[in-house]
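Below is one structure; the comments refer to it alone.
Labels for the chains are A, B, C, D and E, by order of writing; each one numbers its residues from 1.
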Amino acid sequence: AKELKMALSAEPSAMDPHFHNLTPNNALTSHVFERLVHFDEKQSLIPGLATSWKTIDEKTWEFKLRTGVKWHDGSLFTADDVIFTMERAPNVENSPGSFALYVRGKTFSKVDDFTVRVTTKEPYPLMPNDLATIAIISKKAATGAKTEDFNAGKAAIGTGPFKFSEFVKGDRYVVVRNDDYWGNKPVWSKVTIRPIKTGPARVAALLAGDVDVIEEVPTTDIARLQGDAKVSLGQGLSNRVIYFHIDHWRDETPFITANDGSKIKNPLKDVRVRKALSKAINRPAIVDRLMEKAAVPASQFLADGFFGVSKKLKPEAFDPDGAKKLLAEAGFPNGFKMTLHGPNGRYINDARMAEAVAQMFTRIGVETKVETMPPAVFFNRASQGAGGNPEFSFILVGWGSGTGEVSSPLKSLVATFDKTKGMGTANRGRYSNPVLDKVIDEALATVDDTKRGELLAKASEIAIEDVGVIVSHYQLNTWATRRGLKYVPRTDEYTIATSVSEQ
Amino acid sequence: MSGSDQAAIEPTLAVSGLKTHFFTKAGVVKAVDGVSLHVNPGEILGLVGESGSGKSITGFSILGLIDAPGRIVEGSIRYKGRELTTSSDEELRSLRGDRIAMIFQDPMMTLNPVLRIDTQMIETVHVHHRVSKAEALERARAALAEVGIPSPESRLKNYPHELSGGMRQRVAIAIAFINKPDLIIADEPTTALDVTIQAQILAEAQALCARTGTAMIWITHDLAVVSSLADRIAVMYAGRIVETGRTADVVSAPRHPYTQGLINSVPSHNVRGSRLNQIPGMTPSLINLPKGCAFRTRCPQAIDACLEPPPIREIGPGREVRCFNPVGVARPATAEAAP
Amino acid sequence: MSAEPLVSARGLSKRFVKKPDLAGRLAGHLGADVREETVHAVDHVDLDIKKGEVVGLVGESGCGKSTLGRMIAGLLSPTEGEVQFKGKPRDKLSGADARAARLAIQMIFQDPYASLNPRARVEAIVGEAPVVHGITTRSAMPAYVDDMMRRVGLDPDLKRRYPHQFSGGQRSRIGIARALAVNPEFLVCDEAIAALDVSIQAQIINLFMDLRTEFDLTYLFISHDLGVVQHITDRVVIMYLGRVVETASTEELFDGPNHPYAQALLAEVPRISTEKRSFHPIKGEIPSPLNPPSGCHFHPRCPRAFGRCRNEVPVLKEIAPGRYSACHLNDG
Amino acid sequence: MSTTDAGPAVAEDAAVRRPAVQTPFQRFVADYTESRLATIAFVALIVTMLLALIAPWIVPQNPYDLAQVDIMDSRLVPGTPASSGKYTHWLGTDGAGRDLVSAMLYGLRISLAVGVMSGLIAMALGAAIGLVAAYVGGKVESLIMRIVDLQLSFPAILVALMLIAILGKGVDKIIIALVTVQWAYYARTVRGSALVESRKEYVEAARCLGLSNGRILFGHILPNCLPPLIVVVTVQTAHAISLEATLSFLGVGLPQTEPSLGLLISNGFQYMLSGEYWISFFPGLVLLMTIVVINLVGDQLRDVLNPRLSK
Amino acid sequence: MTAYIIRRLMQSAAVVLAMSVIVFLGLHVVGDPVYLLIDPQADQAEIERTIRRLGLDQPIWMQYFHFLKGALSGDLGKSFVHGTSALKLIVERMPATLEIAIAATLMAILLGIPLGLYAGLKPDSFASKSIMATSILGFSLPTFWVGIMMIMVFAVMLGWLPSTGRGPTATFLGITSSLFTIDGLRHITMPALNLALLKISLVIRLTRAGTREAIHQDYIKFARAKGIPTSRIVGVHLLKNIMIPVVTVLGLEFGSLIAFSVVTETIFAWPGMGKLLIDSIQTLDRPIIVAYLIIIVMLFVVINLIVDILYSILDPRVRIGEKSA
């Protein structure tokens, strides 16, 4: 019997896969539960509980289900379970952040026991991506079940490679091997997952032999661990880009003043200023010194290899002189004063990143102060701090593309903010470009993959060339395991036992 | 039973040339500087002197309870012929509380506040005698009854704070008497008490000594108390005994100018409403005493010879004085204020 | 001595009450044993002190001597009754009169250590109040202080010193100088010599008596030392558990106390004697002032108590001219 | 005064006259310097404070000026010359490229300023409240003292955590939080000693002499309450510095770009395992020494100023 | 006693009320975790739905009123983040926290009292001076720093003890605790010691001060005058008196132990309620924060009560609520 102990950087809050759409929860529950469509390590879609899917027409999708799959309690998996799941997923009591988004607008119908149809009102190309987020639960075990029942194990009956064993919130989560699993049987007979939030503590736990795998290795320790014979690292690109939102919508922006402190017109509305700021950022230095090479300079919203990225875009080169020239052209030869806001502890090295960028801006004459705050406070104020509108002038944020393709950041970050359409929901700079909006709309209605990919790339180019946002780098995710184990890095940042193998 | 026939019997305690000094940063405090005294069985010796004259330290020296930075530097303390200054700690400990007991000044402070009366009494029996618990308890009860505490059984169950000051002092006395010691050193046991209660305690102490034949050294600064209680009196000044003698002799015919001054300054020895006879000045610091006789600077009778330390001189049977120029014999016995 | 009393107490009472708070009262409703606790520290005391007189106040610990003294000195406000100064109720005075009355009565305290501000020099201790009240000016203050120090027998050169640099007797003198500095007429001495050594006591008593003749001072002399009281007072007031039990001129009292308590008290004062004496103390302890005995407070200890003593509070009656006693035995 | 005995008083004086030591302050100095360790600690404290005070003039870099700090210089090993070549990073640099010597002295400035400022403000506030409570008495007093009790029974770190969570980061905010958690100690101390003092006879004497309440309160009582107050100030200052460091460690507290010692340590914590020990080790050492030194001084003050121990 | 309990209850009710108002208002001003909770891609409708579900759409006084109503029936609200009862979440975590707090207290007593006694009885010896110097160090060391160092040395470098987390638990006499398993004890050693460090110093100093004061008391001298052997004087007469302040202070400090477990739990990834609080403060999970504070107040009431009872057992002079005779 082989046991595996893994340490997470965050604490899963439930064994209920529909309770909260949150990385640690999703990672934990995916040991026990499965989706119709699975993401592989690179977030490419692969068959899960559905063996195949296709569009019947522009607005109808059909999913063929896997036969002979048994729930952990021995009963058989059928289309009824899928229908049941889709009914429950958006309506979990007390859910802090539900999956409603992925179910809404879709009508599910059972064709036969192993075929399910989904219809939408508009053409919807992202159907398989959406369904890759929703874990299928057993109708039999989970009817009427509350989140507590999942946590207690009663309703935590899945089809996954592991079976529920123990859930002690904040302390440990234990699963054991499902010997009847339909796919590749896991190596591990028992997996214990523990949250250890502090980075160094996590490393210490690994070094002390208390755990076998840790996620989110602090960048500062990567170099040291690389040289440690007892440890091996697994590092891979993530779907997360770190970037800056820029105030595009206010004529006078609250956190920018002239050098003497007097009010000035919002300089960020001038594309030359935005470009100058982007040029001022020394991306290689950030990657090198700050991120310990656990990052890649960014040119757009997602790194190469993801669906819909532009091949044309290259990272903005570090060019302080060019930046100063642009500033002068824009009428700010002596720069101005600005406050850069950012969260503290949301992204890897976020506070230090803000500080480093402030240093760089200050060097081109834009005297920048840094203010970081706890994420909960930050996102609130950044989203609606000024009477329901974004409060800050220039913020550091990150975006991870849950769907694994470019439409997600385009739609949320640079599309014009529109409550009713659900566009630009996270557009905290209120960037608005009608040309761009049109391209995005078109892409979102294009079911044809190739064509959609081209449209998405084009949209990215428009947004980046107009400096709607300033992108900095893509994060690399780093796992460390004790020697003899190997972690296959995942772009979605999930830490799951099936990705751990023995060497 | 007063110490009438001193020569014949062996004294319970004989101290001679005792010097107890404290070696402090400020200098050597000669708290006791050559004290000699003795008590006979059944006798009460009153040790009188002003505050800081070394009375308590004398008492503690006898019990071997001097702590650093203090030390007995010289002299001998003989208990029934046994030398105590050279005894081991353990020997001294087994004497303390058994053969020689002590009563302290402040009844509020002498009993351990967190232990019950019975505990504090029984342990005193048990550390010295191998007796059963019941036997020890019975002794405790009897001792309490003897000092006039009503319903001693229930009192045994009390904590000290549940008793009044007078009661507590009685308990302390009962503890001192519980092992029927040969000598009790009472260090101002009534000073903190009210007159009516003081009278009660004095009465009980007196009766007990008479009954048990225990010798007692009664330390006080109040001549009046001691004159009505003690058989003999020793007057202390600045670490030395300046005069000893039978109570009546000392009180009626003080020989040392200090004793005389002390007696004369008591109001009742003065005409009502007149100015009191006062001893000028104040008690000197024990760190730098005047050379020679320590009382010299305040003494109306000082002569040149007083620049040398006066030796103690026997001036009558059992009557000693440490003065070159003692108050004349010619003076009237009831040394009232000069008219 | 004028006939008009300088200071008089009229039905003066002081009760210290400890009331249960809200929680306590609630608990009381729930049946817990929560009571208001009242100490009758001083219970309807009448007292006249004539100018130039020295009145001794004696009694055992806790009988209310200090409380009475402090009420007279104006440090405590009475619960009932009033203090009159030169025939006028002191509380009703205002302005300059009130201040004059306040300064006219000064207090000398027991503890020579605690009664001096350890952080002030003698000069400030003695000189502060006269300057504040305009008795002297700031510039004349040093000379004024010198004068005061000389009066109490202190070397004025020492005025730059702090209290800790003095002996107990000297501190007492400083305390007296401080009081004298505001030209008082009346001094309340609360155990003013109790903490001093016998030989020093005599010095301070002499000082009191000298000052009395020199400045025509009036004293309320609180003490438990009956020898001292006998020596220096003209009249003695004896208290027991908050009540005055006997008042008499000193000579009469010491010749033959009337009240059984006074008799017991006087009998038990140790006196220098050439004889060993046997003690015959009164029995019992001083009762708690929280729940004093009924009737005559002294009855449980009184050798001559009878039925009436248990139930009826004896009143202070004049049994001879200028002599008062509160005992039922006097009623025949 | 002719009738009384001026003579003996002078004689007394001769006996009482003590050599050299005169004012209470001189006596205090003599008592304090009896302990060599405490004397060294006091000198060290003064040096530390001076260093913090003159930091801007002696350090090579202003670590709070982003223009002078370069990310490219981050995590340099002690002894590396600065990229400008003008000076050497004797203790290395931190993760943001700050020269550690400079950052530590500036951090010390902030830590001390936070500790001392909060101590002084809390003392002024607490002492005033405590005095009022002791003086006014009655309902006001019991209300104040209830609040003090509650405040004291509630752990400082929780209160500070909550306050910082609500107020946000910043030196001013942290001082407010520390004052809030500290004032009660002072109020209790002052009220306690004021009660003791006001029961002493010298206060009664002052009242008897018709002195005004204000004069009694501030001229007589307050000066005598100072000794325990001074002890509390030292202990609480050390406590405040430690608390600020802890809050910074927990991620609330001071802004990232102007790190105090605590924040430097906290930031350096990330580098502990990777071998870049100096980033948190040296600030930790300075913090520890500062607190130890203050505590040593406070300890000796406690012994010297404690009336129960002094004869 | 009744009055005493009523007084305590009234006081704590007042605190709870005042505190909940302050925290409610304060956190309301700061914000809420909605943007942290929801899927970043969520649209406005979804955001509003979440806000409504958490009850954050209502005016603050209404929210407070609902909270009060719930609180009266023992419901302190549901965690924004966890969705479950805040009370339950905290109570689940409480044993872990109590466990290290108790272990730390035991350490403080078992190490602090003997050392303090020694230092008090032999104040001038070198060992005593070393003890006192070390205790100053113990006073001054920031908890978090020591914690990190301990992990470095004992777990990473020496490998003697597990670095983080709580060990397996076992049930004994109806109490489930990791103190009853060997591995559990190994896990608890470091965090408990870390937490105890300050208290050990405190106990040493208290004991020493108490000893130094007591040995000059008349009752000790009287005991010596009775011929009581030193061992009994120290073991009974002295110790019983010293225990009074030590127990009182330790009892009252138990609260601060629980508070400081916030730090220790963060470092040692100890699954206690302190860590829950820190997380909740970071995520502005108001129901948990408020519930935590309320529970702490209650805990304090209970602890104070126990301390007072212990105090009256140890010190016969004190009888709660008894009239002074």
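Going forward, a residue touches a chain if its C-beta (ideal position, glycine included) is under 8 Å from a C-beta of that chain, and two chains touch if they have at least 3 such contacts.
Just so you know, these numbers come straight off a predicted model, no measurement behind them.
K.L.:
Hopping along touching chains only, can you work out the least number of steps from chain B to chain C?
P.N.:
1
K.L.:
Between D-E and B-E, which chain pair is linked by the larger number of C-beta contacts?
P.N.:
Ranking D-E and B-E by C-beta contacts puts D-E first.
K.L.:
Measuring between Cα centroids, which chain is at the maximum distance from chain C?
P.N.:
Checked the centroid distances; the maximum from chain C is A.
K.L.:
Chain C to chain E: how many Å between their CA centres?
P.N.:
Roughly 53 Å, centre to centre.
K.L.:
Return the distance between the CA-based centres of chain A and chain E, expressed in whole Å.
P.N.:
A distance of 38 Å separates the two centres.
K.L.:
Averaging over Cα atoms per chain, report the distance between chain A and chain D in Å.
P.N.:
Chain centroid spacing, chain A to chain D, equals 47 Å.
K.L.:
At least two partner chains per residue is the criterion; list those residues in chain B.
P.N.:
Residue numbers touching two or more other chains: 278, 280, 282.
K.L.:
At least two other chains touched by the same residue of chain C: list those residues.
P.N.:
Counting only residues that touch two or more other chains, chain C contributes 21, 167, 169, 203, 206, 210.
K.L.:
What parts of chain E, by residue number, touch at least two of the other chains?
P.N.:
If we look for residues of chain E contacting two or more partner chains, we find 30, 148, 152, 156, 266, 281-282, 284, 325.
K.L.:
Applying the document's contact rule, which stretches of chain B touch chain C when the two form their complex?
P.N.:
Residue list for chain B touching chain C: 2, 50-51, 164, 166-167, 194-200, 202-203, 206, 221-225, 227-231, 247-248, 251-252, 261-263, 265-270, 272-273, 275-280, 282-283.
K.L.:
What does chain C use to touch chain D in their complex?
P.N.:
21, 70, 73-75, 99, 102-103, 105-107, 109-111, 114-120, 128-129, 132-133, 150-155, 158, 161-162, 164-167, 169-170, 173, 175, 178-179, 182, 203, 206-207, 210, 214
K.L.:
Quick check: in the complex, which residue numbers of chain A touch chain E?
P.N.:
11, 13-14, 19-22, 93-98, 100-101, 147-148, 168-172, 194-198, 200-201, 204-205, 207-210, 345, 374-377, 379-383, 399-400, 402, 408, 411-412, 419-420, 422-423, 425-426
K.L.:
Which of the residues in chain E end up touching chain D in this complex?
P.N.:
Touch list, chain E to chain D: 11, 14-15, 23, 26-27, 29-30, 133, 136-137, 139-145, 148, 152, 156, 213, 252, 255-256, 258-260, 262-263, 266, 277-278, 281-282, 284, 289, 293, 296-297, 300, 304.
K.L.:
Please name which positions on chain D make contact with chain A in the complex.
P.N.:
Counting only chain D, the residues touching chain A are 66-67, 69-72, 74-75, 95-97, 165, 168-169, 251-252, 255-257, 267, 269-276.
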